[in-house]
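Have a look at these structures, which come just after this line.
In the two complexes below, subunit A is the common chain; its partner is subunit B in one and subunit C in the other.
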Partner chain A sequence: MPPVRKRRRVKWGTILFFLIPPLVPLSIFVIYPIIGTFYLSFVNDHNQFTLNNYISVIQQTSPDLALVLLNNMPRPPPWGALIHNMVWLAIHLPLVTFLGLALAYMLKVVYGRSIIKSIMFIGMVVPMVVGGLIIRFMFEKYVGVVPVVLGAIGLKSLARSWTIYPDTALFALILGSVWLWTGFSLTIHAAAIDSLPNSYLEAAKIDGASEWQIFRKIVIPLVKPATLTVVVMTMLWDLKIFGIVYAATMGGPGGASTVLALVMYWYFARMLAYHKAAAVAVILTAITMIPISIFIRWVMRRGR
Partner chain B sequence: MADLSKPAIVISIIAIIISIVAISYSAAMLGNLNSRVSTLSKEISGLRSAIQHIKTVTPSTVTVVKTKTTTAVKTTTATAVKTKTVTSVTTATKTTVKTTTAVKTSAAPVTLTIYAPWAGDEKKWFMAVVKAFEKEHPNVKVQYVTMRAEDLAKAMPIQFAAGISPADVIFTPWAWWIIKMAQKGYVEPLNGIINPNEYIQGIIYKVEWNGKLWAAPFTMWLKPGFWYRKSFFKAHHLWVPKNWSSFLKLLQTIKKIPGIVNPIVSGDSKGWPLSDIVEHFLITFGGPKLQIELISGKVKFNSTIVKHILGTYLVPLIEKGYFSKPIDWTTAITLWWHEKYALYFMGTWITGMVPNASDLGFFTLPGCKGVVGGADYAFVPKFAKHLKLALEFVKFAATEGQVIHSSEPSGKVPTWLKAPTSKIWGPMRQIYETILKRHMKILPDLDDSVGGSWQLLFWDQLKLLWVEPHKLDQVLNTLAAHFPYKRMASFKYPGMSG
Partner chain C sequence: MGGKEVTVRRRRRRFKRISPYVIIINIVAWGIAFVWLLPFIGLFMTSIRPYSEVIIKGWWNLIGAHISFHNYASALFQHGIARGYLNSFIIAIPASIIPVFLAAMCAYALARFSFPLRSALFLLMIVLMAVPQQTMVIPLFFLLKDLHLLNRLYGLILVHSAWGIAWITFFMRNFFNMLPKEIEEVALVDGASYWTIFRKIVLPVSLPAIASALAIQFTWVWSDFFFALMFLYSPSKWVVTQRVVTLRGAYYVDWGLLSAGSILAMLPPLILYAALQKYYLRGMVGWATGKG
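Our next item is the complex of A and B:
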C-alpha cells in the first residue's frame, strides 16, 4: 500500500506576513504607475478609449519624433527612433560582449589587472549625462581622441566632429557607449573566468591546445551563463538608452541619432502629450520584454 | 525551505521599513495639509474681524477689502478677478497696497519660493531684485531655485495636476507654455495686478488668453545682430558694413587674418543660436512682415521667398566657411573673445557675459528693419502657498524690479514703459538707444512664438543645415510639413497683420 501523502496545510498568516510588506510599496510605486501608463496610452483627453495615440506615434514622420523612417534608407540617418535602437543593438551588443570577454581573458595573465579592471569600470559609474558630454568631446574635431587619431593615420574624412554630422552622430554615440559599458561586460566575464577550475585550462594546455583554441573551445562555453547576463543587460541598456543621447546630440542633427526613450521624453516634456508619451512607453516596454522573457525562460530551464 | 527563509525575512524587513517610511511621509503630508487648513482658517477669521472693523470705521473702502479677502480665502478667484477687472487700475493698486500692509504688519516670517531660469551671473543680477523686495518686506525671505524652461515643462505639469506647486512665483521665457498651463486651470490670472497698457507693444499679447492676463512681463532681451570687439576691429582696420557687398568683403578680410578659425562663430546648445541667425536673415531680406507671416503660417517655410533668401544669402556663407560649425554657445563666447572668431550673433545678454562690455560693438545685416526681442514672464501657480505675497512679488518684479534689473549688467532692457531709460546700465542703454534711433521694429521670436515640438524640430533641422547646407530644400520642406498651421492661424501681432 503506497504511503498516504499528508496534505500540507497552507499557512495563510505566514504567507500574508511575508507578502503584504513588499506588495504595499510595490503596488504604489511600481504596479500602479505601470497600469496607469498602460491605461493612459489607450485613452484620450476625455478618458475615452482610443487607439489613436498608437496610430499617431507610429505614423509620425517628423524626423525627431518618427519611430520608423524607411523612405530615408539606404541614405544616412535619420531612419527613425526604433530603427536607431536596432542599430544600437546590432553594433553595441556584439562589440561590448566580445570586447568584455576578450579583455577579461587577456587580463587574466596581466600584472596589475585589478587596476586596469577598475579603470575600465569607471565608465559604468559615470552618470549618463556626464558620459554623453565626454562622448561629445571624444568625437570633437581638434580635441577629441577619435578624430585626432583618425586624422593622424590619414583618415581625413573622419577627422571631424562626429556628433554634429547626421552620418556619424549615431555611430559616435554607439562607439562612445561601447567605451562606457564594456567595463560591465569585463567585470562579469572576469568573475566568471576567475571561477573556472584551473585544471580544465591546464589539461587543455597539456593536450597541446593553443590559446585561441582554449578560449574558443573551453572558456566561451564555460562562461556562457555570464555572457547571457551581459547580453540581456546590454540589450536592455540599448533599448532604454537616453541620457547619453540627450546630453551629446539631443537626438540630432535632423533626428539622426534619436532613440525611443528620447521620443517618449519629447512627447512628455516638450509637447505635454502624455497619452502619446504613454503609448511610446508601452511600445518600449513591449520591446524590452523580449530579452527579459528570453532570460527568464533560460533561468527557469536551468533551474529545472 | 530553510534556505529561502533567511533572504525572505531580510526582504520583508526592508519592505516593512519602506512601508513605514511611505506611511510616515504620507502622515507628514497629511499633517502639513492639516496645519495649512488651520492656518487658512485663522487667516479667514482674522480677515473677517478686519472687515467688521473696517466696516465700522471707513465704509467707503469696504469694496476694496472685500475683493482682497476673496482673493485670500478662495483659490479660484474668478469672481474676485472679475471685480478687479471692472474696477479701475487705481482700485487694483489700492488692493495691493493694502495687501502689502497686511504682510508687513504680520510678524510671522514667510518664505517665498521663486523658480527662475537664471544661474551664475544672470542669477546675480536677478538677486538684486530679490534683495530689494526683501528689504521692503523684512519678514519675507525669498528662496531662489534655478529651474530652466525645459525642466519646468517636464516637472511642473504633474505637480500642478496633483494640486501642488513647489514654487510661489515662476519665471520662464516660454509664454506658450504659460498659456498651456492656464488653459488647464493651473495659473492665477493677473488682471488688476499690473496694467497691460504700461508695457511696450508686442509683449503682453503673448500671455493673454480668454480675455485674461496670465503672466507679467519681466525685462527684455534683444537679438540685435553681430557682435564684435571694438579693439579687434580697430587693430585689424575692419569696418561696420554699410551694404551686402561690404559685408561680404568684411568676411573675406577677416578670414585672412592669422589665427582666425572662421569669421563668424556659430553658437550651439539645443540649436537656438542658429535659429536667431536664420531669423535675422529672413527679417533683413524679407522685411519684418515676413517674420510675422511665417509665425502665423501664412507664408510657408518652403515658399519661394524663404528659399530665395536662405539660398542666396545664408547658404553660400555657410558653404564658404564663413560660419563655424556649431560650438556650445558659452564656449563660443570665450573663443570669440579670445579672437579665434571675429563675429558672433547673439542676444543682448552677452553684454553681461564678457569681461569688458565697453569693448563690445554690434551691427545688423545692412538694411535690417527689425530686431527680435522677447521677455521673460512671471506667473503665479494657482496652488502657490503664499498666493497674496506671490502676486505682490510679481507686481514688484514687473515694475520697480525691472528698473533694478536693467540697471545691473544683465543685458536686458525694461518692458515697463514707466522705467526711466536713464537708469539702464550704460553699455546696454547705448544699444537700446541705437535700436530706437534706427526705428527698428521689435519683433517676436519665431521659434519661441510657435513653441512645442516644432521649435525643437526647427533647431534640429538648422543644425543639419549648418553641416550640410546643400540640404536646404529638404530642411525647409521638413519645417513646412510639420508646422502647426492650425494652432498658429490665430496668431496676431499688434500693429502688424500676420
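Our next item is the complex of A and C:
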C-alpha cells in the first residue's frame, strides 16, 4: 500500500487544462445520456411526470418482456428476466468464485501452470457474442460435447440441443458462462496467492496442518480482498449479461432465457417504447449499484 | 557452474519428493484445462471440415476427414466477415488510443493535484464503471441522430472513446499513485510545466500501464456488440460481431460456416492476447484490484 502522498495545490488553469479534454466527451456521450435515461423513465410522451412506465414493465406478463413471472415458478422457465438474472447470479457467482480460488491454489504445485492459466483466460478475450455461439455449439445435439458425453453415459433425455428447450436453455447459458468467466476469477486469485508470504504457509505445514486446513484457515482469509473483487465484478458481469444470450438463444425459446438487458433492447428496438425501455434500464442500473457500492466502500476504506 | 549444479541437485531432490497428492492435483488441474480447451478444439475441427461430414461422424472422429478452408473463404467473402473486419479495425484502433490518452490526463490530475470535488470525481469514475451500456443508449441514439453520427463509424469511435475514459481513469490513477514522485518534483523545481512533466516523464515511465490499457480497451471495443447493434444499421457499416451473429440462421444452423466465422471474429484479440499476455494479465489484475 502506498504511503499517503501530499497532493499539490496548483493553479486552476493547470487543473482545467488536464480535466477539460477528458471530461467534455465524458459529459456529452456518457453522463448526459445517463441522466437523460433517468428522465425518460419518469415521464410520458407529453413530458409529464408519471410512474406508469415502471408499473407497466413490472406488470408485463408477455414471457419475452416480463421481468417477473412468479406464477410460473415451480414449472420450468420462463420466470421473467429479473428472476433469470438472479438465478444466473445464484449459480454462476459461487461456482466461478470457488472454482477460480481452488484452482489458483492447486496450481501452486502444478507443472506448466502458466499454460493452464493462459488456457483458462482465453474466455476473457473472446467477444461475448462469439462466446454465446460457442456455448450453443457445446450444447448442440450431434456436434456438442455436453449432449454427446451425457448420451454416452446413458442420460438420453439430456442428449439433445439444450438451447432450444425451455427447461434447459437458461441453464446451458449459465453453465457456459462459467466456462467463459472462470479465467477472471483464477487470474485475480492466482495473483493474490502468488503474493502471499511463503513463510505463513510453511509455518503452518511445520505445525502439522493439513492442506485443506491451510487452504481454509490461511489462504481463504488472506486472499479475501481478491475474492471480494471477484465477487463484485462477477455480480456486475452477471447483471449486465447481453451478448451471450443474444447470440445463443435471443432470449428464447418463448422467453425462457431472457435477461434484463435483453428486455430493455426489445422494448427499444421491437416496440419502440423508449420510456419503458428507459425504465428497464434504470431498474438494471439500480441493481448494479448494490455491488458497486460495496466496492466503493472497500476502495475508500483501503485508503486513497 | 557450481551454482548450476546446485540447482540441478535441488531440482532432483524435489522431483523425488513428489507425493501422490501432488500427482492427483496435477491430473485434476490438467483435466480441467483440457475440458476448458475442448470447445475451442471442437470449434476448430468443425470449421475445417464440411458440415455434412461433421454432423454424421462427429468432429472428434478423424477417420476419412476432408480438410478444407472453404468455410473460412465463404465466411470472409460471401458473408461479409472481411468487411466487418475492416469496420471493426477502423473503430477499435482510434477508440483505444483516444480514451487512453484522455483518461491518462484525467488520472494525472486526480493523482497529483488537489482541487475541490476531487474525491467526488474519482467516485463518479467508479460508479460509471458499473453503469450498464443500456442506461445510456436511448438519449445517445437521438443525440447521434441530431449530430448526423448515427449509422456512422465516427459515431461509434466517439461513443467508445467516451465510454472507455471512466475505467481507464480508474486504472491509470492507481498506477500513477504508485509511481515515485521525486523526479517530477525535481523537474518542477527546474521550471518545467506540468504538461511537459506529464508528456516527457510521466507518460514514458507509464508505458507498461498504457500498453495494458490499450490492449484491454481494444479487446473490449472489438468485442462490443450492443453499441454497434444500436447505432449501426446498414449492413455495409456492420462490425465483425454483428456479422458473425447473422451467420446463424433462424432454424437451420450451418455450424461449419458459423464456427469459421466465430474463429475469425475472435482471432484479432486472441493474437493480441498471445503477443501481450503479460500486459493483459497485469492490466486485468490492476483494473480489478486497483493495484496498477
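The rule we apply is simple: the second predicted complex is superposed on the first by the 280 of 304 C-alpha atoms of A that agree within 3 Å, B and C clash if a C-alpha of one lies under 4 Å from a C-alpha of the other, contacts with A are read in each partner's own complex, and residues count from 1 in each chain.
Please note the rule applied: contacts are C-beta pairs under 8 Å (C-beta built on N, C-alpha and C of every residue); 3 or more make two chains touch, one makes a residue touch a chain.
Please read these numbers as outputs of a predicted model, since none were measured by experiment.
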Query = When the two structures are laid over each other on subunit A, do subunit B and subunit C clash or fit?
reply = clash
Task = For A:281, decide between first (touching subunit B), second (touching subunit C), both and neither.
result = second
Task = Using the superposition described at the top, determine whether subunit B or subunit C touches more residues of subunit A.
result = C
Message = Is A:28 touching anything from subunit B or subunit C once the two structures are fitted on A? First, second, both or neither.
response = both
Message = Per the contact definition in the header, classify A:118: touching subunit B only (first), subunit C only (second), both, or neither.
response = second
Contacts of A:37 with subunit B and subunit C, given as first, second, both or neither = second
Query = Touching A:165 in the superposition: subunit B (first), subunit C (second), both, neither?
reply = first
Ask   = Looking at the overlay, does A:143 come into contact with subunit B only (first), subunit C only (second), both, or neither?
value = second
Which superposed partner A:18 touches (first subunit B, second subunit C, both, neither) = both
Message = Between subunit B and subunit C, whom does A:247 touch in the aligned arrangement: first, second, both, or neither?
response = second
Task = Have a look at where A:268 lands relative to subunit B and subunit C in the superposition and call it first, second, both or neither.
result = both
Ask   = On subunit A, what residues does subunit B touch that subunit C touches as well?
value = 17-18, 21-22, 25, 28, 265, 268-269
Task = Using the touch rule from the top, collect the residues of subunit A that touch subunit C in their complex.
result = 2, 5, 7-10, 12, 14-15, 17-19, 21-23, 25-26, 28-34, 36-37, 40, 103, 106-107, 109-113, 115-130, 133-134, 136-138, 140, 142-145, 148, 179, 182, 184, 187-188, 191-192, 211, 225-226, 229-230, 233, 236, 239-240, 242-243, 246-247, 260-261, 264-265, 268-269, 274, 277-278, 280-282, 284-285, 288-289, 291-292, 295-296, 299, 302, 304
Request  = Note which residues of subunit C are touching subunit A in the complex, please.
outcome  = 21-22, 25-26, 28-30, 32-33, 36-40, 42-43, 46, 54-55, 58-59, 102-103, 105-106, 108-109, 111-115, 118-119, 122-123, 126-140, 143, 158-159, 161-163, 165-166, 169, 177-178, 181, 193-195, 198, 219, 222-226, 229-230, 241, 244-245, 248, 253, 255, 258-259, 262, 265-266, 269-270, 272-273, 277, 280-281, 284-285, 288-290
Message = So in the complex, the part of subunit B that touches subunit A is made up of which residues?
response = 8, 11-12, 15-16, 18-19, 22, 150, 153-154, 157, 180, 268, 270-271, 325-326, 452-453, 456-457, 459-461, 463-464, 466-468, 471, 475, 478, 481-482
Message = Going by the contact rule set out above, which residues of subunit A touch subunit B in the complex?
response = 17-18, 21-22, 24-25, 28, 61-65, 141, 161, 164-166, 250-256, 265-266, 268-272
